[in-house]
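Next come two complexes, and both contain chain A; in the first it sits with chain B, in the second with chain C.
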Partner chain A sequence: MSLNKEYINVLAKDLMFELSEDEVNDIIDEFDVLSQQLELLQSIDTSGVLEMIYPFEEETTFLREDEVVNVISQKDAISNAFKVKSGHILVPKVVK
Partner chain B sequence: MGENVMLNEEIVLKRISDAYNFAKNVQEELNAMVTFVDYNDQLENMNMHKSGKMFGVPIVLKDNVNTKGIKTTASSKMLENYVPIYDATIVTKLKDAGAIIIGKSSMDELAMGGTNLTAATGSVKNPYDTNRMSGGSSGGSASLVGKGVVSMAIGSDTGDSIRKPAAFCGCVGLKPTYGRISRYGIIPYSSSLDHVGCFTSNVKDAAIALEVLAGRDDLDMTSSYEPVDNYSEFLSGDIKGKKIAILKNVTDNISNVDVLKCFNESIEKLKQQGAIVEEVILNEKLMLAILPTYYLIANCEATANHANLNGICYGNQVESQTSEQIMIKSRTNGFGPLIRKRFVIGSYGLFVENQEKLFKQAQKVRRLIVEEYDKVLKDFDFVCAPASASIAPLLDDKHLDQLSDEYLVAENHMIISNFTGYPSISVPMGFVDKMPVGINFTAHKFDEGNLLNLAYTHELCNDFKAMKAGN
Partner chain C sequence: MAYKVVIGIEIHCELKTKTKMFSSAPLSFAQTPNSCVNEVDLAHPGTLPCVNKNAIKYAIMACSAFNLEIDTLVKFDRKNYFYTDLPKGYQITQQFHPIGRNGFIDINVDGNSKRINIERLHMEEDTAKQFHFNDETLIDYNRAGTPLVEIVSDPDMTSGVEAVAYISKIQEILLYLGVSDVKMEQGSMRCDINISLMKQDAEKLGTKVEIKNLNSLSNVLKAVEFEISRQSDMLDNAELIVQETRRFDETTKSTVSMRKKEGNVDYKYFPEPNIFPIRLPLDWVNEIVNNLPELPDARRVRYHDVYALEEYDANVLVSNKLLADFYELVMQDCDDGKICANWIISELIAQLSKTNQSIATMKCDSKNFANLINMITKKEISGKQAKQIFAQVVDGENCIELVKSSGMKQISDEGAILQIVIDVLNDNPQSIEDFKNGKDRAIGFLVGQVMKRSKGQANPSMANQLVSAQIKNY
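Right after this comes the complex of A and B.
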């Protein structure tokens, strides 16, 4: 497995953040150890094994009653917003 | 805790103010608290909860527990101004039981770490030696209980994040069964591995805390309908005939002879109490794969869970011209370097070309590890091993060989209980170089009662109950 600078920057862009040159180099250095650990993982024969998603595989397929259980006020809803205008959360225009 | 009938208001108020002042006094030394909570509002309603099991008990919450009107940062710059508009279910339960919240404790950023060196407010120090780590990610809670500031603190445990710092800081650390305690209102890390639990200064307090915290919550779809036991009633000190399996893979890979000596002495005492103890060996290849399996699952799930921390949905916003630029700048500015690295690894595991060979492979290996563990546990009541191969590392320790069997197996075996979801507890087992070391016990799912009794019996055989750093 390899993880070069270009690939790391593609991943970072996908994650919506930027990395400094030093951080990219750190990741490459650390990936050397990680890739050896991942080789251990990949060397295990998992043919015919299903993925384990949660500790207990008990289905919860019931439907809830359509009841109002939690209502928040407008004041609460916007209390953590960075910018507010006329009782609405304000973000930059998406459609130009 | 649980002995409220004799307490008058004056004693309770003094206890709370003493704890608060103690926490303030040790803040410079330990750096364990993110936010001190003005508890006066809680005192106004205190008498309503006089019959509560935690009446007047000052407590601390890990800072990933949402508290209405109180800043909840998860030790991340991204959330440094976030003030929740609701209480996590466990906060409501604790308040109803009469507990008084005096602070929010430091943690590794977003709970993604095992050192507590990555908190936005700086590293947390070990109460036994401030040159050493508290461990993480629930390091602030562990440090404060280990110091004796509070007798109970909440933590969360995704990959030993309660049990390891408990061992390093000389306190009891309980991670109950997956689904036993509601996670509603806890800022998530990795949804298939996250558990809520507690630190206490003795096992009886852990039992009482669990009675308060456990139970079905319709607001958390992963919470269990399993009835909640009166866990304190299990604490008989009788473990005659109980079968304990020692994980030989772990003890064989520990090089510190003093840690092993403490462990062997603990085991001898349990045998004297009538426990039947045998060594078991799990498939070595699977044991070596614990850490990479965890690393992939946890980071992949975290990458998805924290996609909403973008400066618009949640978190500090850095102003810019477009929504996309706001998100990029906010996430670049808001997350520490370690978190961004972990997200890169998570994203790498989730990339289409890697998903099958990495993320899904990890989920399959998780099943194999759980099946291997179950093979052992079916013939035993408990599984046991030292909680760590060493004492708490120095703050600047960078010498660990991350490919050694000691690191991969002995230092990370407790992650198995996050894979299985089984209840697991670490309790003090002695001192090495004047630092506490811990022993870890794990039981069958929802068998917290017997697990606590084993830990309680261990405590009775040793004199670590009143252990507090500095005393």
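Right after this comes the complex of A and C.
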């Protein structure tokens, strides 16, 4: 599958990203590599092989008891955020 | 032109567990932002989800109450989307293996019962709460990860009234199960309504429109009725209905477009690899199913059978669980179910609404209330006297002491009333004469005299009987 500039811009618009010309080019280059790797995988014959979701198809019965065990402080919770405001994580508005 | 209306409803309900669906952080409502979270809710690298036993239990209870077939192999899937309300970049849900399938509930509209089929009930996690301002958005992750059940009906409803009946029935059942607060105004229960119109003889369903942002039952009714009339007008004018999501606008009482559906969004669902399929032990599931709390319909029947309540009274009580629970507590110390129900339904509800209180906040306990009802049924005080002290009783004052201190105890001792009656008759020969001349209202005057002489404390119906009986002796 080829990824062209127009399609990247459509995706960027859908996701409300603003991409520069350079960024678009970077993505296309990166995707080329990815795409080659995927094509390699695609060449493997998987007919008759069932998809594997888990390393071991084991059923478990474990369920966690409904007890509070681990809570982190507000300070820790927002410490990774780029911007915060009144205890909230602040992001640019992306909905209309 | 009249069209056939087709309505299907999706209901999201937050479960009332202590902790999140997949993490051991506490649930919260109106807490300090971002204070009820842990690394799992915030999707820190290396964290793994771990399924909450109680959330599964509550989902099983709901499935059982909605007559759904329960899948005892619990599996989860990922719904992938990129948005700030879920930091993982996906929501864990049950796309391919809902815990419950193919159920139903019966609703009652205008005295007629109608079965509404439920396609599925599945578990998932709630998202973060976002506050949108002019050019920025604030995120509070406290709600992220809260256990939800989503209940999807078949498109079996045909009017706003039926939609409301369905939602309130689901709400009532979940409340009686004790698995959710089901507060629409606080968002612990959220409804999305799909509505389409088609010509009476058409075979193909019309284009559906989804309505969101419905925070009360009355808004559901208004929104559906508005939408039916909007779509009817469009079809009458041969306009094309577009598939879109609309929201109910409270100020204009109308629905407004939020977004047009531009093809189906592809969420790239796939099985959640971080949660192994969980086989629920059958005996555990059976134990849950066999020990469900009493459901509202069963309670209505019991109120009729045990307390001899009419359908209307039973309905008023049962449709308000707090009221019904209070009624049951009072009835532990009280014999007359009918009189007790009357006082709760007419007087108590009115008094609470007048003073802006609720059953949960009022100070009167059930024993005190039962004492008041017992004094009425034993004719120790009259209904009129009970009304005089009712507000104080509801405010928590001891009704026995109130009756004593105000000296209002009703005289129901026949001997004591008889003595007063004889005195009154002896003092009022003219009234006896009037009665003998056919003036029946003389009785009323004499009873009034008895009441006056007893300072309003004589049992009025006994006074009436005794005057009517004694006057014949003169």
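The rule we apply is simple: the second predicted complex is superposed on the first by the 48 of 96 C-alpha atoms of A that agree within 3 Å, B and C clash if a C-alpha of one lies under 4 Å from a C-alpha of the other, contacts with A are read in each partner's own complex, and residues count from 1 in each chain.
The rule is simple: a residue touches a chain if its C-beta (ideal position, glycine included) is under 8 Å from a C-beta of that chain, and two chains touch if they have at least 3 such contacts.
This is a predicted model, so every value here is computed, not measured.
When the shared chain is aligned, chain B and chain C each come close enough to touch A:Y54.
In the superposition on chain A, contact of A:S86 is made with chain C only, not with chain B.
Contact with chain B, but none with chain C, is seen for A:Q37 once the two complexes are overlaid on the shared chain.
Contacts of A:F62 after superposition on the shared chain: chain C is touched, whereas chain B is not. Of the two partner chains, chain B and chain C are each touched by A:I72.
With both structures placed on the common chain, the touch criterion links A:V95 to chain C but leaves chain B unconnected. Applying the stated contact rule after C-alpha superposition, one finds that A:E18 touches chain B and leaves chain C untouched.
Note on chain A: of its two partners chain C and chain B, the one contacting more of its residues is B. Residues 15, 53-54, 60, 64, 69, 72, 77, 80, 91-92, 94 of chain A lie at the contact with chain B in one complex and at the contact with chain C in the other. Listed in rising order, the residues of chain B touching chain A in the complex are 81-83, 85-86, 178-179, 192, 218, 221-222, 285-286, 288-289, 291-293, 295-296, 303, 310-312, 314, 316-317, 320-324, 326-328, 331-332, 335, 337, 340-341, 343-345, 347-348, 351, 357-358, 360-368, 370, 402-403, 408, 419-421, 445. On the side of chain C, the complex with chain A involves touching residues 17-19, 23-26, 32-39, 42, 50-56, 73, 82, 84, 131-141, 270-271, 273, 276-281. The residues of chain A lying in touch with chain C in their complex are 15, 53-54, 58-74, 77-78, 80, 85-95.
Every residue of chain A that touches chain B in the complex is listed here, in rising order: 3, 8, 11-12, 14-19, 23, 26-27, 30, 33-34, 36-38, 40-44, 46, 49-56, 60, 64, 69, 72, 76-77, 79-80, 82-83, 91-92, 94.
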